[in-house]
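Per-chain residue numbering starts at 1, and chain names A, B, C and D are given in the order in which the chains are listed.
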Amino acid sequence: MDLDLSSVAPFRAEVREWLRTHLPAAPLPSLEIEEGFAAHRAWERELYGARLSVVSWPEEYGGRAATPLEWLVFEEEYYAAGAPGRVSQNGINLLAPTLFQHGTPEQLARVLPSMASGEVIWAQAWSEPGAGSDLASLRATATRVDGGWLLNGQKTWSSRAAFADWGFGPFRSDPEAQRHRGLTYLMFPLDAEGITRRPIGRIDGKPAFAELFFDDVFVPDRDVIGEPGAGWKVAMSTTGNERGLTLRSPGRFLAAADRLLDLWRERADPADTALRDRVADAWIKARAYRLKGYETVSRTDDIGAESSINKIFWSELDVTLHETALDLLGPDGELEGDWLEGYVFSLAGPIYAGTNEIQRNVIAERVLGLPRAGR
Amino acid sequence: MDLDLSSVAPFRAEVREWLRTHLPAAPLPSLEIEEGFAAHRAWERELYGARLSVVSWPEEYGGRAATPLEWLVFEEEYYAAGAPGRVSQNGINLLAPTLFQHGTPEQLARVLPSMASGEVIWAQAWSEPGAGSDLASLRATATRVDGGWLLNGQKTWSSRAAFADWGFGPFRSDPEAQRHRGLTYLMFPLDAEGITRRPIGRIDGKPAFAELFFDDVFVPDRDVIGEPGAGWKVAMSTTGNERGLTLRSPGRFLAAADRLLDLWRERADPADTALRDRVADAWIKARAYRLKGYETVSRTDDIGAESSINKIFWSELDVTLHETALDLLGPDGELEGDWLEGYVFSLAGPIYAGTNEIQRNVIAERVLGLPRAGR
Amino acid sequence: MKFILDAEQRLFGETLDKILTEADTPSVIRGWAAGAHQPGLALWRSLAATGVLALAVPESAGGAGPLPVELVTAFHELGRHAVPGPYTETVAVATLLHRLGDELERGSEWLEGIAEGRVVASLALPALPALPAPPQAAAPYALDADAADLVLLVDGDELRAAAAGEVRASLDPARRLPSVVAGDVLAAGPSVAAAARAACDMGVLATAAQLVGVGRRLLEVSVDYAKARQQFGRPIGEFQAVKHHLADALVGLEYARPLVHGAAVSYGSPDFGRDVSAAKVAASEAAYAAAKIALQVHGAIGYTDEYDPSLWIRKARALHSAWGSPAAHRARVISALAGV
Amino acid sequence: MKFILDAEQRLFGETLDKILTEADTPSVIRGWAAGAHQPGLALWRSLAATGVLALAVPESAGGAGPLPVELVTAFHELGRHAVPGPYTETVAVATLLHRLGDELERGSEWLEGIAEGRVVASLALPALPALPAPPQAAAPYALDADAADLVLLVDGDELRAAAAGEVRASLDPARRLPSVVAGDVLAAGPSVAAAARAACDMGVLATAAQLVGVGRRLLEVSVDYAKARQQFGRPIGEFQAVKHHLADALVGLEYARPLVHGAAVSYGSPDFGRDVSAAKVAASEAAYAAAKIALQVHGAIGYTDEYDPSLWIRKARALHSAWGSPAAHRARVISALAGV
């Protein structure tokens, strides 16, 4: 057991140096508004140019085949430098792992490079008005037609879909099948004929999501991921990933905890030990999350349902860390600014990617082995 | 709306003066050990002599027909003076309200005066090894015989039964009936032929409970409370009371919060705002509980299931208040002493009289009107 | 001793509830947030007609007060309906003006205008005068001063006229926060400092009452949603996790209310300051907890701008630290109790 | 970089688990609590035979260490089995003696004795030397000194021989807390203060590891109980409230462990003190939370002296504040990070 990171020191140095010399001079506008979305897309292209947009991918798709440990290091440096949020995150973190597992070589070659470069930004289209936590109750349909499928129905809470290019998600392809069966996983351009998108304002008004309405939208067979009818299995390969480290890398929280420490130094009365304790806790938890990440990449077995433990931890850490910042800001805490934007973003954490209530059920039943409730 | 307590000022003054002149010079030994039990019994007799043991009861049974407001005032003065814990509490708080509602005049005349004087100390015998929170699954039986009933089976977690004189509780009198039906509520002397009692050590080793084993214990008809078979209804009139204010009067927490404040002044670094905030919270919550008590006695309607709100509040306040004290004591917090005894006592609060999980269900379903889960 | 609202006080609350339900406050808020103040000011006048703005103005100055119990009853409803506008600030200004009495040339004119609903007032308190050190970070904002007829600034022991400067946006869209441009000194000296402390206490009390109302509404809508929303083939309100969240929200609010009422009743006593601080601590924590639970129960829809409950969710957070954070008020409670 | 236990380290833990399971530690604890030290001392020797007591003693002094990763592996099992005895104190004494080296006449003799399990040591630290102000209340107790062969007292920069005085009872019956009677000065000066700081850090690390083990065991028995215990016609583990309690306990423990391992790995680096403090905060909170959850899941039976899990429940509370409260360790983390 060690934390000897000397083998990744050259890579760390390269990333740090590149960021030092390439970081935008001023912070980009929020990626949840149109102007910021465009600026963040340009930044993705710049990252891609240095082969830093998707470091863990194979080289043929724009990556550099970085090890999981190198990926952790990249993320530490990226957030420590205060680099922009990743507008491509839904594609990179949610679609790409699914494609690596279930995609055809043709799909990989077609989809991944433009995702890596930011040329195509992807939005996840999973939830429906009646199917949030209960994903198996999806009702939007894919109907078999010659050479492909016709999509109908509605998706909602599609993150970044207000400005993104393509979407992906499961649709009910067998109307007779119940719940987890009879779903098919598809990709589609968001400007396809028959798609109407309606941006939805987040709690701070920024259009971070959209509703999507499908009216006989044609999707060719080549845009089905995995077997038709096997959409649940395909979707689950994404959620396993989403609940692990990828969605919220430790680097993000380390950087946020360091910024919180700066804010505390700047704003707080050092005699206020109540706030001091909360700052200490945020830092300790960020360190715990970092070390857990090192533990995870040291393991060779599948972490499986244990990923739910991570989801609860990072989402709650994110909220309390930002609450501490707002409390440090006192009466300025309610004013628009970076900390408030981070707070608003954090509030979604306990809800999406499976609510924390669902995650606690998963931990209890699949990690601790408690009995499922009778239905 | 007012908090004008001038009408009860003479009563308050009388109680305060009596306590000032009669309080034992040194604290009594713990009432959970034999020596302390006897000392507390003697103290009950002294209270009774001044008609202060059961102020809210009618005069004929040893009380002084005090109003609920006067009772609150009595409790404030009693605990503020640091007077001994009430060894008669199970009888006074749990059996007496049941008797007032369901007892015969003969039972009231026979049972209450000796309860008020401490001559007879009562123990509650409700729980069984298989029936804790799920009281309806009781299995100890009462079998009809000539002139009375024969008790068989086992009760457990009977508070104070190690040294008490009489017990009371529900037994299954109709072996065919399910769950809430076919129970009968009875009283019995703990030294009756056929009863074996085994003291159980609390988490600090003190025999605060006992197990009771019943082997053909005869109970005459006159010791049945309410109708045979209606034991559930009789028991529920106790629990309604137990979850209200009676079991833990506001005076107790006000006094504890004041002692905590003294401890903080004596022990804490005033610059340690983290502990200061916890002391403030304990005091604020004790005040809230006191004011809620005034609100309750101002109401004329039945508080019904709202009593569950009180149970959660006082039991959680009691734990956090004592945890704060232990933290103030630092390395001395683990040592035997009054604060540790109070802490140990507080730990039982979220468990007994219906666990706080059950109370939350009650609040959700009966106060907020949420649907019961399908069975 | 009767520590519950009497029939008249309950009726007053019910009347306000009726007026505010009919007023469709969410649309008023959205207008107010965009700077369209007219519907909000019309509502101000309707509420003034019921006497809400006269409650902090003494009878001698043309008001009906001070009636702190009626005041917290009214602010509870203002919170339940998330009414936009500088109500708390106006009440604080009324207290300030009343305390300063003849020291201010136009004091009685302004007080009368406030009581009648003609004068909408706001106030900036760069440091909250009643709270002990460590001081809050400076907050040179006067809520909704751009919609006010009278804007004041208390800076140490100086009272100044002021004007609205640049408006900053709050997380709560109904709260517009202009910085203030200081004008003439209207009064100075220890009487200003004393009056500002009294004004601050009244502002804290009004905010605490409002918070309990905000929390109540969030609990109400969350319970309704939990009964209606189906997931996994059943209403989510059947799940124990949801039930326990909502039960916890209720427990917090049920114990914040008596502290608010207790503070109102202790108006005029030496404990008033301690008691409003205790009320603010409990109300802030209970309302904010209710907001987080409401968000969790609603899920994504509660996180959207367009769905009404989010208006209350955001207000709970903003008011949590407005008029002094829970930590600042805890410090004051201890200071009052222990003399440190 | 391989931040998990290697095969040999895992095997070491499993071996200890096996020895301790066979030892029936609850009966050993009950004997120890009553002053019957023999079974506990026999277990001490068995553990010494596996090398547990040699881990903090350097090879040069006849030990196998310092091996901090193996040390936390061992203390995790000591916690999981609630083994009674001054293991932590002995490890701290070993560190102290090692740091003082030749300054102590009998230092190397004692170190060798500790490594071989012949010398059971204890230590009183009236103030925890590594922790910043505000200082902890004085704690002039030396755990289980009445069963120890060597009792030391560090008072400021003086190291003294000491003897066990009156024994005070702890909430944890396995922890006997004699006050100490100070004897001869064995060493004095800045080197004593420095050695005491190092000893304190090692004691904190061992306690943190033990706490995670205590919490783990509490979670294990609670899960088993929740599967078996029937109420309302079903195992209580089917109820969401119980599930979520237990899931929360797991989350806390799963994130305390890497901090303990991370601190062990940073032994010898300038961050060691900060890292052991971070580990102690998380381990104290996670184990104590697990204890409260275990009590709630077990209900009344968990509250009884005779039912074994209560031994762990009580230990979690005692260790929560032993070797420095979470607040004291938070202060030290911030002090290390921010230099205040």
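In this section, a residue touches a chain if its C-beta (ideal position, glycine included) is under 8 Å from a C-beta of that chain, and two chains touch if they have at least 3 such contacts.
What you see is a predicted model, and the numbers here were worked out from it, not measured in a lab.
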When you check each chain against chain B and chain C, which touch both of them?
A, D
More contacting C-beta pairs: B-D or A-D?
A-D
Report the inter-chain centroid distance for chain C and chain D in whole angstrom, where each centroid is the mean of the CA atoms.
50
CA centroid of chain A to CA centroid of chain D, Å
40
Please tell me the distance, in whole Å, between the geometric centres of chain A and chain C computed from their C-alpha atoms.
38
Residue numbers of chain D (touch at least two other chains)
239-242, 244, 327
Residues within chain A bordering two or more other chains:
271-277, 357, 360
Chain D residues touching chain B - in the complex, by the definition given at the top
133-134, 136-139, 141, 168-173, 175, 177, 230-233, 239, 241-242, 295-296, 299-300, 303-306, 310, 313-314, 317-318, 321-322, 325, 327
Under the touch definition given earlier, write down the residues of chain B that touch chain C in their complex.
1-5, 7-8, 69, 261, 264-265, 270, 273, 276-277, 279-281, 283-285, 287-289, 291-292, 294-295, 297-299, 306, 309, 312-313, 357, 359-361, 363-365, 367-374
Using the touch definition up top, name the residues of chain D that touch chain A in the complex.
1-6, 9, 69, 219, 223, 226-227, 234-235, 237-240, 242-244, 246-248, 250-251, 254-256, 258-259, 261-262, 264-266, 278, 281-282, 327, 330-331, 333-334, 337-338, 340
As the complex stands, chain D meets chain C at residues 239-241, 244
Name, in rising order, each residue of chain A that touches chain C in their complex.
127, 130, 132-134, 137, 156-157, 200-205, 209, 267, 269, 271-272, 274-275, 326-327, 329-336, 340, 344, 347-348, 350-352, 355-357, 360, 375
